[in-house]
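Shared between the two complexes below is chain A, which pairs with chain B and chain C, respectively.
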Partner chain A sequence: MAGETASRGFGLGRPGPRASLGVVWTVFVARLKIISRYKGAILLESFLPVIFAGLPILLGTAVAGDEQTAATNFFAYTGTTCPSTDAARCSADFRLYMLMGSNTFMVVSLMLWLIGYWVRREQETGTLEALYLAPAKRLYVLAGVTSYTLVRSLIAFVTAMVIGSFAFSVNPLRPPFAAAIGFLVLGIPALWGISFFFGALVMRIKEANSVIQLLQWVLAFAMGIYFPVTVFPALLRWTAMAFPPTLMNDAIRSTLLDISSIYGPWYVVLGLMLAAAWTVPFLGYAFFGVVERRIKRDQGVGQF
Partner chain B sequence: MAAPIIKVEGLSKTFISKERKKGEPKRKKEIHALKGVNLEVADGEVFGLLGPNGAGKTTLIKCLTTLLLPTGGTAWVNGYNITSQEDQVRASIGCMLMGDRGLYWKLTGRENLDYFGALYHVPKADRLKRIDFLVDLLRLGDFVDRTVETYSSGQRMIVAFAKALVNDAPILFLDEPTVTMDVPTARELRKIVKDMNEAGKTILYTTHLMHEAEELCDRVAIIDHGEIIALGTTDELRRSLETEDVVQLEGIFPEGAVARMRAVPGIESVSAVSMDSGLTKLDVACRDARAMLPKIIEAVTGNGATIQFIKPKEVTLEDVFIAKTGRTLSVDTRVVGEKGARGRGG
Partner chain C sequence: MRQRLETFYTMSKKVVVEYSRYPVAFAALFAQIFLIILLFIFSTVAFAGGDQTKIQNFGGAMAYGFVANMILSFTLWEIGFSIREEQVRGTLESLYLSPANKFSNLLSRIFAVLSWTLAMCLGGLALVSVSVGGLPAHNIAQGLLALLLTTTGFLGIGFIFAGVTIKLKESAQLLVNGLQFFFMIFSAMFFPFDALRKVSPAIIDYVSKWLPVSYCVDLFRSTLLGSPVPELASWEVEWLIVVVFGIVSPLLGYWVYHRIERKARSDGTLGEY
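After this line comes the complex of A and B, so read on.
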C-alpha cells in the first residue's frame, strides 16, 4: 500500500542532524523554563551536600575528640593516606573529602532523581503519551532531558562547592582541580546510561518514590561518599567498585586530594572511565528500548 | 471510494490483566480488546468511530497511532506500516486523544505549540508561522501567552486541539474533541473540522454525541466488544433499520412493563432511559407501528402506568447504535431496557 497516497504535512522526510539537535535543544530549554518557574528550586537543593558533609565531620570529631585526630584516624583506617604531613592541612583535606563525596553524590542522585520524576510526571500528566505520538526519536528527547538534568546538577554542584568551601574553610581550587572536574565530566555519560536504566524502571513499575528512596541510600552506600569502599568485605567491595558512580567519585577525590585511587594508577582510572563512558549509555538506552517495546505490547505508555 | 489512507487488516489486541477477587488468589485473565478488525478509511473523508466505553475504539486508535503494538494483524496509515514504520506514521498524523491532558502546565500555550512543533520536526520559521495561523484560526490570542495552569478546561481543550494541528498532518485523530467545551466553542470547532476536511485532511473522529457524528461524518463504524458491528454512511446505517418503526413513549411505567412489552408478538426491541424529569423514555421498535400501537398501550397501562407523551419517531443514528449494541451512547455504557431480537452483532 505504500506510496498509494500522497504524503502531505511537515516532518515526513528523514530529519537531518540539525532537526534532531533542534529536538534536544527544545526539550532542554523547555525543562529549564519549567524549573525556572518554580522559584528557588535550584538554589535550595545546593544546601543539601553541605549538610550531608557536615554530619560525618561532626560525628568524626565527636568520636575522636578533636578534628585533627578524626582526620588522622580517618586516613589511617580507611586505607588512604593523608596527603600532607601538616595536621591542619590534613583536617582540611578530611573536610574536603566529605564535601566532595557528598557533592558528587548529589550530582549522581539528582540526575537519577530528575529523570525518575520526569518519567513519572510525564506519565501522570499525559505528556509522555504526547511525546510518543511525535516522530522525534526517543534518544533525542532523552538527550534533551539528560542535558537538563546535567546542567541542573552542575549548577547545584558549583553552588554547593562555593557554599561548602566557605562553610568548611576549604579551598578546592588547587592545581589538580581542573583534572578532578575533567573526571566529573568524563563520568557524566555513564550517569546518562544509568539514568536511562532508571527511567525505564520507573516507566515500567509506574512508581518513582519508593524506587528513588531505596536507590538514594543504596547509591550513597555503594559510592562510598564518606569512606573509600575498600572498607567493604570483598564481594561487596567488588560490586561497589563495578558501579560507575563509585569510580567517578573515587577518581575526583583521589585527584583533588592527591591520594591513591582504589582502582590503581591514574591511567587505569582514566581507562575505566572511558570504557564506562562508552558502554554504559548504550546499554542503558538498549534497556530503555526493550522496556519501552514491552510496555507498548502490554498496556501502553499512557497507563499510569 | 477514494484510495484508503488508513487500512486495517485483521487487527487484534489481547491484554493480560490480573483479576483480584476477594479471598481468591490472583488470576491472569485475557481481555480481547480487538478481534480481527478490518477497516478502510478513504483519503479525504471524515470517519466516525462510535462505541461504548470498553468497546475497543481507544485500543484501535492507540494501535493506529503507534502507542500500542497489536497482538495480531496489521495496519497502514498514510501508506506506512504501524509496526515497522512508526516514525513515518507519527509524522503523518495529528492527534488529540487525551482531551486537555498532554500539555505542560508550566509552559504557555504558545510554548507548548512550539515544543510539540519541534518534536514533529517542523522547521522553526514554518513553526512560528503555523502557530500564528492557529492562534488566529482558533482565537487563542487572549490566553495563548499565559501558562496553561491558568486556563479553563475549555481553553486547555482548544490548545490541545491546536497541538494536534501544529504539524499540519494529512490525517487527524480526534477523540471526543468537544468534551468540556461550551456550546459555541464546540460548534466553532466542528466548523473548523469541516473546513480542514474540505482542505483535504482525513479525519478519524470519535464521539459520544450522535448529532456530531451525523453532522460531521461521511461514514461511521460502530465498534463493540472489539469488533466492527456496523459500518456505512449515516444514511446507510439508518436505512438498515427502516424495516422497523419506532414509537417513543414518555411517562411513568411500573416495574416489569418493559418485560411485558417485549413479550408482545411483533415488538422487535424495547429500550428504556430514565430522564432527569423522573419520567422514563421508552423506544419501542416494531414492524407496523399503526397496527401495534393499541397492543403497546395495553401492555404498559395494565398496571397503572401513566403515558404523558407518545409519538412515532424517525430512525436516528442513536437508534442504530442501540439496536446494534443494546446501549445508548448519550448515557455512555448504561444498558437500557430489554434487547429484542436485533441484538448485538445483528
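After this line comes the complex of A and C, so read on.
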C-alpha cells in the first residue's frame, strides 16, 4: 500500500501540460548548467569533426600522391560522379564531402553519447531511482535530456562547419545549403528515437563506455562518413541503408554537393525521411518503455 | 619488492574480475578494433585507384600506426579514467589509506586491458593482411622491441594524465581526448609522414619532429615495413630517441603523478570530484 502510494507520488502529483513542459524545461536547463562548467568539452566537440574529416583527406593525399588524384580516384571508385569538370572544384567537393560526413556523424554520435552517459551517470551516482519516484513522466524527462543533446550537437555542428570551411578552404554556403539543413532538421526526430533505443540499451547492459565506443565506430561505418555505403556487399549495404542516420547523411550530402542520392530521386529521400521522422521516435520510446518495465520488475533501475 | 608484485598481481586480478562482470566491454573492444581498421582499409582502397602495391604498402603503414594508436589511446584513457571512476564512487581515498604500493596500483590499472588490446591488435593485423592481400612484416624482433619501448614510453604519458585527472577532474578527459587526436594527426598514426609534408613541410619540422611519439610510430612502422630509412631521422637517431623515451618517460611520468597526488592529499582534495 505504502509502495503504491509512493509510486504514484502520494496520489497528488499528476502534472498537467504546463507542469510537464516545466519538467522538460527544468531538465534541459539543469543539463545546460552542468555542461557550462566544462566549456572545453564544447570546444573539443567542435574540433573533432574537422579532425575526423582531415584523416581521410591526408590518407587520400598520401595514397594517391596528390589531392586531385585522390578526389578523382575516390569519385570513380565510389561511383559518386563529381558534378564539375573542374579538377580543383572536384577536390573542394571531396573535402566538403568528408567534412559534411564528419559533421553529421558528430551530431548523431553526440546525441547517442550524451543520452548514454546521462543514464549511466544517474545510475552510478544513485539518482536514477530517485528520478523514477518523482511525479514526472519519463517521456518529459527524456524530452528534456534529448533537447539538451540536440542543442549541444547543433552547436558543435555549426561551429565545426565554420572551422572546417576555413581549414579546408571550402564554401558550403551554396544555394542548396538551406535544403541540406532542412534535411538535417528533418532527421532529428529519428535521432531522438534512436537515442531512446540507445538509452534503454545502456540501462539494460550497463556498460555505457564500451557500448558507446563500439557504436561510435558502427555508426561511422554504417553511416558512410568516409565513403558511400554503396561500396559494401549487398547485405551490409541494405542494412546500412535502413539505418536512419545513413539516410540523413546521404540526403545532406547529395543535396549540398549535387550528387545522386543512393536512395533515388529527392522526393523518395524526402518521403523516407518523413517516414523515419514519424515512426522511429514512437518505436524508440516503446522500446525504452518495454526495457524499463523489465528492469524494474527484475532488479530495479538503480543497480549498476 | 614482493609486496609490490603481490599488489600488482592482486589489483590486476581485481581489474580482470571487474572486466569479467562486463563481458560486452570485451566484445565491444574486439569489434571496435576491427571496425576502425575496416573503415580505413575501405578508404585506402577507394583512394588507391586499384593499385594493389599501393594498397598493401599503405594498408601496412596504416595498420602498424593503428597498433601504436591503440596503445597510446588505452594508456591515456584507462589509467586516468579508472582513477576518476574511483573518485566518483568515493573509493579513491580509502585506497590511499591502505598500505598497497602506489606504483603497482597504477600499473595494474592498465596491464590487463593493454594485454587484451595487444591480442586484439594482432587479430586486427591479420584482418588487414587478409584484406589487402598480405602485410609486409620484416625484422619482427626489432619491431617488437620498438613496440615494447613505445609502450613503456606511453605509460609515462598515461601516469602524467592520471595525475592531471586528480587535479583537473572532469576536464582532464577533454585534455586526453584533445591530446589523443593531436598525436593521431601530428604523429601520423593513420598515414605516412609524407602526407603531412605535402600539406606543409613546416608541420613536420616544427611539430612532428619535436614529439617522441612520432619517432615511436615511425620506428615501429618503418622496421616492420622494411623501409630503407625511416621518414623522420636515421635509424640510429630514431632508436636512440625511442630507447631514451621508453626508459625516462615512465620514471618522469610517475614522479609527476606522485607530486600531484601528494599535493592533492595534503590539500585534502583527493576524493573530491
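The criterion applied here is as follows: the second predicted complex is superposed on the first by the 290 of 304 C-alpha atoms of A that agree within 3 Å, B and C clash if a C-alpha of one lies under 4 Å from a C-alpha of the other, contacts with A are read in each partner's own complex, and residues count from 1 in each chain.
Assume contacts are C-beta pairs under 8 Å (C-beta built on N, C-alpha and C of every residue); 3 or more make two chains touch, one makes a residue touch a chain.
Values in this document were obtained by computation on a predicted structure and should not be read as measured data.
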| First, second, both or neither for A:Thr125, with chain B first and chain C second | both
| request: Once the structures are superposed on A, label A:Ala136 by its partner contacts, choosing first (chain B), second (chain C), both or neither. | output: first
| Taking the superposition as given, does A:Val23 touch the first partner, chain B, the second, chain C, both, or neither? | first
| said: Between chain B and chain C, whom does A:Leu173 touch in the aligned arrangement: first, second, both, or neither? | reply: neither
| request: Go through the superposed model and pick first if A:Ser210 touches only chain B, second if only chain C, both, or neither. | output: second
| message | Quick check for you: in the superposed arrangement, does A:Ala62 touch first (chain B), second (chain C), both or neither? | response | second
| task | In the overlay, answer first, second, both or neither for which of chain B and chain C A:Asp298 touches. | result | first
| query | Following superposition on chain A, which residues of chain A contact chain B and also contact chain C? | reply | 37-38, 125
| remark: Touching chain C in the complex, chain A uses residues 37-38, 40-41, 43-44, 47-48, 51, 54-56, 58-64, 66, 69-70, 72-74, 76-78, 124-125, 205-207, 209-211, 213-214, 217-218, 220-221, 226-227, 231
| Footprint of chain A on chain B - complex, ascending | 3-5, 7, 15-16, 43, 62, 65-69, 76, 78-81, 87-88, 90-95, 97-98, 101-107, 111, 114-116, 118-124, 126, 147, 163, 167-170, 200
| Mind pulling up the chain A residues that touch chain B in the complex? | 1-12, 15, 19, 22-23, 26-27, 30, 33-34, 37-38, 125-127, 129-137, 141, 293, 296-302
| request: Spell out the residues on chain C that touch chain A in their complex, using ranges where they run on. | output: 22, 24-25, 28-29, 31-32, 35-36, 38-40, 42-50, 54, 58, 62, 88-89, 170-171, 173-175, 177-178, 181, 184-185, 190-192, 194-196, 198-199
